[in-house]
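The letters A, B, C and D name the chains in turn, as written, and every chain counts its residues from 1.
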Amino acid sequence: MIRHPLKLGMVGGGEGAFIGAVHRMAAALDGEWRLAAGAFSTDAGKNTRTGDLLGLDPARVYATYEALLAGEAALPAGERIDAVAIVTPNHLHAPVAIAALTAGFHVFCEKPMAMNGGEARAIAAAAQASGKQFALAFTYSGYPLVEEARARVARGDFGAIRLVQVEYIQGWLSGSLDAQGNKQAEWRTDPARAGLGGCLGDIGTHAFHLAELVSGLRVETLSAELATHLPGRRLDDDVSALLRFEGGARGTLKATQVAAGEENGLRLRIHGERGGLEWAQMEPNTLTLRWLDRPAEILRAGGPGLGDSTTPLLRTPAGHPEGYIEAFANLYRGFARLLRGDSAQVPGVADGLRTMAFVEAMIANAKADTKWTEIVTGERR
Amino acid sequence: MIRHPLKLGMVGGGEGAFIGAVHRMAAALDGEWRLAAGAFSTDAGKNTRTGDLLGLDPARVYATYEALLAGEAALPAGERIDAVAIVTPNHLHAPVAIAALTAGFHVFCEKPMAMNGGEARAIAAAAQASGKQFALAFTYSGYPLVEEARARVARGDFGAIRLVQVEYIQGWLSGSLDAQGNKQAEWRTDPARAGLGGCLGDIGTHAFHLAELVSGLRVETLSAELATHLPGRRLDDDVSALLRFEGGARGTLKATQVAAGEENGLRLRIHGERGGLEWAQMEPNTLTLRWLDRPAEILRAGGPGLGDSTTPLLRTPAGHPEGYIEAFANLYRGFARLLRGDSAQVPGVADGLRTMAFVEAMIANAKADTKWTEIVTGERR
Amino acid sequence: MIRHPLKLGMVGGGEGAFIGAVHRMAAALDGEWRLAAGAFSTDAGKNTRTGDLLGLDPARVYATYEALLAGEAALPAGERIDAVAIVTPNHLHAPVAIAALTAGFHVFCEKPMAMNGGEARAIAAAAQASGKQFALAFTYSGYPLVEEARARVARGDFGAIRLVQVEYIQGWLSGSLDAQGNKQAEWRTDPARAGLGGCLGDIGTHAFHLAELVSGLRVETLSAELATHLPGRRLDDDVSALLRFEGGARGTLKATQVAAGEENGLRLRIHGERGGLEWAQMEPNTLTLRWLDRPAEILRAGGPGLGDSTTPLLRTPAGHPEGYIEAFANLYRGFARLLRGDSAQVPGVADGLRTMAFVEAMIANAKADTKWTEIVTGERR
Amino acid sequence: MIRHPLKLGMVGGGEGAFIGAVHRMAAALDGEWRLAAGAFSTDAGKNTRTGDLLGLDPARVYATYEALLAGEAALPAGERIDAVAIVTPNHLHAPVAIAALTAGFHVFCEKPMAMNGGEARAIAAAAQASGKQFALAFTYSGYPLVEEARARVARGDFGAIRLVQVEYIQGWLSGSLDAQGNKQAEWRTDPARAGLGGCLGDIGTHAFHLAELVSGLRVETLSAELATHLPGRRLDDDVSALLRFEGGARGTLKATQVAAGEENGLRLRIHGERGGLEWAQMEPNTLTLRWLDRPAEILRAGGPGLGDSTTPLLRTPAGHPEGYIEAFANLYRGFARLLRGDSAQVPGVADGLRTMAFVEAMIANAKADTKWTEIVTGERR
């Protein structure tokens, strides 16, 4: 039986945008997806140029996301898109996602899920009502050695977990880019388009998601500090928190976008009774395991010692580095599996609700003088 | 104007093969290529399954490369493939490449170019006669920071070059995989399918190519040691050489596939009068520059300080690691540019002839008791 | 004029102790000090054996510190010791230091300064009254590249400081060594001998001291979490804090002794408007500088680019690693300079008072439900 | 029984010299040695100043080495020096060592042993005749993890050894320091004071010594390239060699002093049938073990997994870095043990003869057009 690629429509991601292009590469890498339609920009010229450059049929390059959903829904089943990728600024996530789900399309949405918890819950309700899949781009969970780390903690290699340290250190907002016309910086620091959190929503959520995912533990309460170092900036650009996990583990979370000179330093360390692990996104093919009573071990993508849930996430032999796009492609591949009826681990509604609850708890605590604030969500993923 | 992807036909790369899948991902990544036809395996079942899995029209999954070339040539111009990717064992490079070029197709061929210098020259002649493009998968030259290194040496940052150290350290042939049914190992150690060199042809050529490319200098003479450590193995698995470059620089080259526990350690160091550089394939997003009279600098993919020839080779901001597939995709993107009439740096005929001359000089010297052997090629690329 | 070494008497440090031996090596390294007397252990046999092994005149191996002070004070001026090194558990710091200062001896004391702030102030008063020098073993401040970091922040290389991240990660108390007869572990987890803090006093103080020293900024308020992960342990073994510095910089501090598998991971990162620095004690000869608009630089002990206050702290050319003992020896060399009437930067009374105030603020905050607690000390060093 | 330090006399090492100060620190570190006499410089003023600064009795600061030997020999047995440290340029090693041994003193000599093989054999004969100890400063063999590496190879952890790669990369002679009055550079490039080899004798011997020591294998034949990159320089500054070891292992050796920007990059890699190791002097507290079929392991000074012959070479717990001076001190401590009648591994006469034979074979081969030259020495150490 011939395995035809699934068809993707994209909302956002016109020329000049960063993350739209990443989605397209990630979707293309494994041949599971073909870009078939788009509403890339509200600027008509840019929209057309983007569609042409991508080789799309001009009839499927739509002026608005509403037009895209309507136009595609009107096509025959074998021709219309299977899913919508939402790569817009945050304020459009909820309206586009809800409309797409309601129109019967699966959705692959950028993070954070929404502007706030209320919007997130509305998306969740729409997903539930539609029966369609909703995937969320917590990209870093797509790295093979993140899965290896998760699996090893889960099977108890380190004993009961005591410490979780997660950090996400960037420097690109050290200057006032947002006041100088940089589009990425502009919307990310604008409460009307970014939502409740600045750095908190943009990368703090990644850090939190990774910490809970790999530790297998939920944060119960947190104590937060949000700072805005650049005068005139309207959202936080620097986040710190103390975390108390279920079962007694203690954590720290640091996320900042004003660490001048730093790139994209997402790094996780977890320690239990017998040892611990360390993983850093900028060298993603290495996972360091340290032990109380024997030498540290270096697990490597493609090397010996990896578990059964890790190896399917790899494409090349050891020493042929895979990176960010490959991790992203693992999410798109998993999303394709879900749509084909296979099982796969892809971040989704539960992860979105949980990270929005984290954002709201952080903001509440940062404003208060009480030390600890509970994270309130529904049931566990 | 809509930019349609170019169409690729593939010879070799049936299920289970490593490098065919890499070519497909590399070709797909930037949307410049679409796989349209294939002769993946001489095993009919495997051939069909591969085509089906890749979503190909069964009519364009051919039993042999001859059938592929004939079938595609018979299609209308707008429909037929633009180029053939050759991902077979080495002994088929020359026959397939010559037939494809002669049939009017461009060719993207795996390295080494051929079994020996004679075959390489025959391909060169066919390319010349056909006027078609011939690209060669010296993948590592596709890394952005390799280009940065080359450009910096070329513009004289380090002064006259004195030292070139290149090494390519693998361990995967430390056991007798070739005697245990591992297909990759089998053909690579079989003179009838691999050609003159084992490790020498497989990875020694990569090391040599990188050393000449980045230094901008030709090796004039060399002194070689070829060893075969596994009893019964029919080709070398361990290579060492002293190199004398034009202008007086001295070099060392080490390539081995029996360094048990090592992965894919291609590493280049070059030093001149005022400083030097170091690049390692397993951490490809970093280029270290050292200076006689000031602190070392760390150039990073996506970071500040990169030259104009480097940045177009990048897809993501600093700290979002790109890897082996992305480097490979840079070759496919460059190859597409050549076919569209734009200029691009892609390894080709000259690189192939030069590396085959290196292989022949190494083998001649290793057998002799004279210390230095000249590398004899035609003109410089 | 012949430069005779100064004479040191040691209290504590009998066979089996760790830090006493380090003091002796650090004092000996540069020939500035000669060990001349000791009261190494209250165990008479151990005391004698230690003295013999160290080649001391048995008449100057004393049964108690009181005997040592009396005995040495009774010797002629040119013969008696110049200073007392206190390398006992914490509960003896104050009594020995006060007695030694009062008896007219200079003091080099292990950290933390004392059991609590009250004792620390009593030492300070004794030092003030005696006019003698009091040095405190904040060893890590003796590393050359820590001084380089401090000097570069002080001269404004990075602009105004925004972020300070300090961590001190150990794992040696991951098991219940303290319940199993390990002497180091026993007294460090015994409130009667260690004082107010466990991990907090032992290594949290190092982290805090380094952060303030290098940033040149005082922490105004902090929010703390103290945990004890091992059942039955009587003092904290895991410390986290959020820090607010004067001028608006935000900080995090993490110190733990239960990160199983970790060694001695003291690490400092500071970022300002234009760039930042990173230093890690386990690779102390490297200082990384990152910049907003140019490549990162690697400063190396002995390499180009170091300032005038750094180079006197080095003993060997670049690439000949110096380590912990050499850093310690820099404190002993500076202490000798002070005694000879030269100027030198050596941690002392002010650092002791400041770090004890930090300990007290941490404990107060950890018990309270208010978020921020002020650190109250006297004037700045 | 009181353990008095041994007494050392030093020849060479006046103010401004590098290695003399290192010897003094290394000898002092463990309290095993006390500097008691010296003939530091033929410049009388410098000689006196050095003695004074070191706190020596002026009567034991001698104008010449002959005077030192005569003067000390005339002192009572309990007072005179036990051994002579020779830290002069190479041309004085043989005369001073032979005189000292003949006068009944043990000798600790800088490397290379002598100007050439003839001188080395003369020293060997004098040592033999005198019955005194002769230690040679192959400092790098004093690192604890070098011993660990040696022991693991020796006990067969990696199976039969196939590959040995050693390199020693410096850059300090990249400019013409020797023509600009730098004393270190001057004598090291002067055949009358340095001997047969420049870079070859100075650091090539270290590399060769380490390779044979850790591999436990002798080099049988070699093929060499010696280059001098700086115009007017009279000795080699850049060395490369192919090595054939007994038993079939193949090796490469690279030593250079013109790799601009490099520090002191001595690095050893050894691979056998089942795995391999890597050690680098600039991060000496780490030894990496790689395995064919399981994850790499990181052995750390002070950490778990070290053998019984390694731990006595350590002074501090894991994570408290020890460096070059500590490695050197291990040689002085071993030398003291030998003098006290205990056993110890300290490089000596056999290592000196062997490395001089290496130098002579390298020079012979580099001049010839035959590919392989045998290293001819007497019996194995």
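As a convention for this text, contacts are C-beta pairs under 8 Å (C-beta built on N, C-alpha and C of every residue); 3 or more make two chains touch, one makes a residue touch a chain.
Protein identities per chain, from UniProt: A, B, C, D = Putative dehydrogenase.
All values reported here derive from a predicted model rather than from experimental measurement.
Minimum number of contact steps separating subunit B (Putative dehydrogenase) from subunit D (Putative dehydrogenase): 1. With chains reduced to the mean position of their C-alpha atoms, the one farthest from subunit A (Putative dehydrogenase) is D.
Centres computed as Cα averages put subunit A (Putative dehydrogenase) at a distance of 35 Å from subunit B (Putative dehydrogenase).
Remark: subunit A (Putative dehydrogenase) and subunit C (Putative dehydrogenase) have CA centroids separated by 43 Å (rounded to whole angstrom).
Here the spacing of subunit B (Putative dehydrogenase) and subunit C (Putative dehydrogenase), counted between their Cα centres, is 55 Å.
In subunit B (Putative dehydrogenase), the residues that reach two or more other chains under the touch definition are 262, 289, 291-292, 296, 300, 303.
If you sketch which chains touch which, every chain touches every other chain without exception. Chain contact summary for the complex, subunit D (Putative dehydrogenase) toward subunit B (Putative dehydrogenase): residues 158, 162-163, 165, 167, 171, 174-175, 223, 225, 227, 229, 238, 240-242, 244, 248, 250, 252, 254, 256, 258-262, 269, 271-276, 289-292, 296, 368-372.
Those residues of subunit A (Putative dehydrogenase) that touch subunit B (Putative dehydrogenase) in the complex are listed here as 1-5, 18, 21-22, 24-25, 28-31, 35, 51-56, 58, 170, 172, 262-265, 281-285, 300, 302-303, 315-326. Note for the complex: subunit D (Putative dehydrogenase) touches subunit A (Putative dehydrogenase) at residues 289, 291-300, 303-305.
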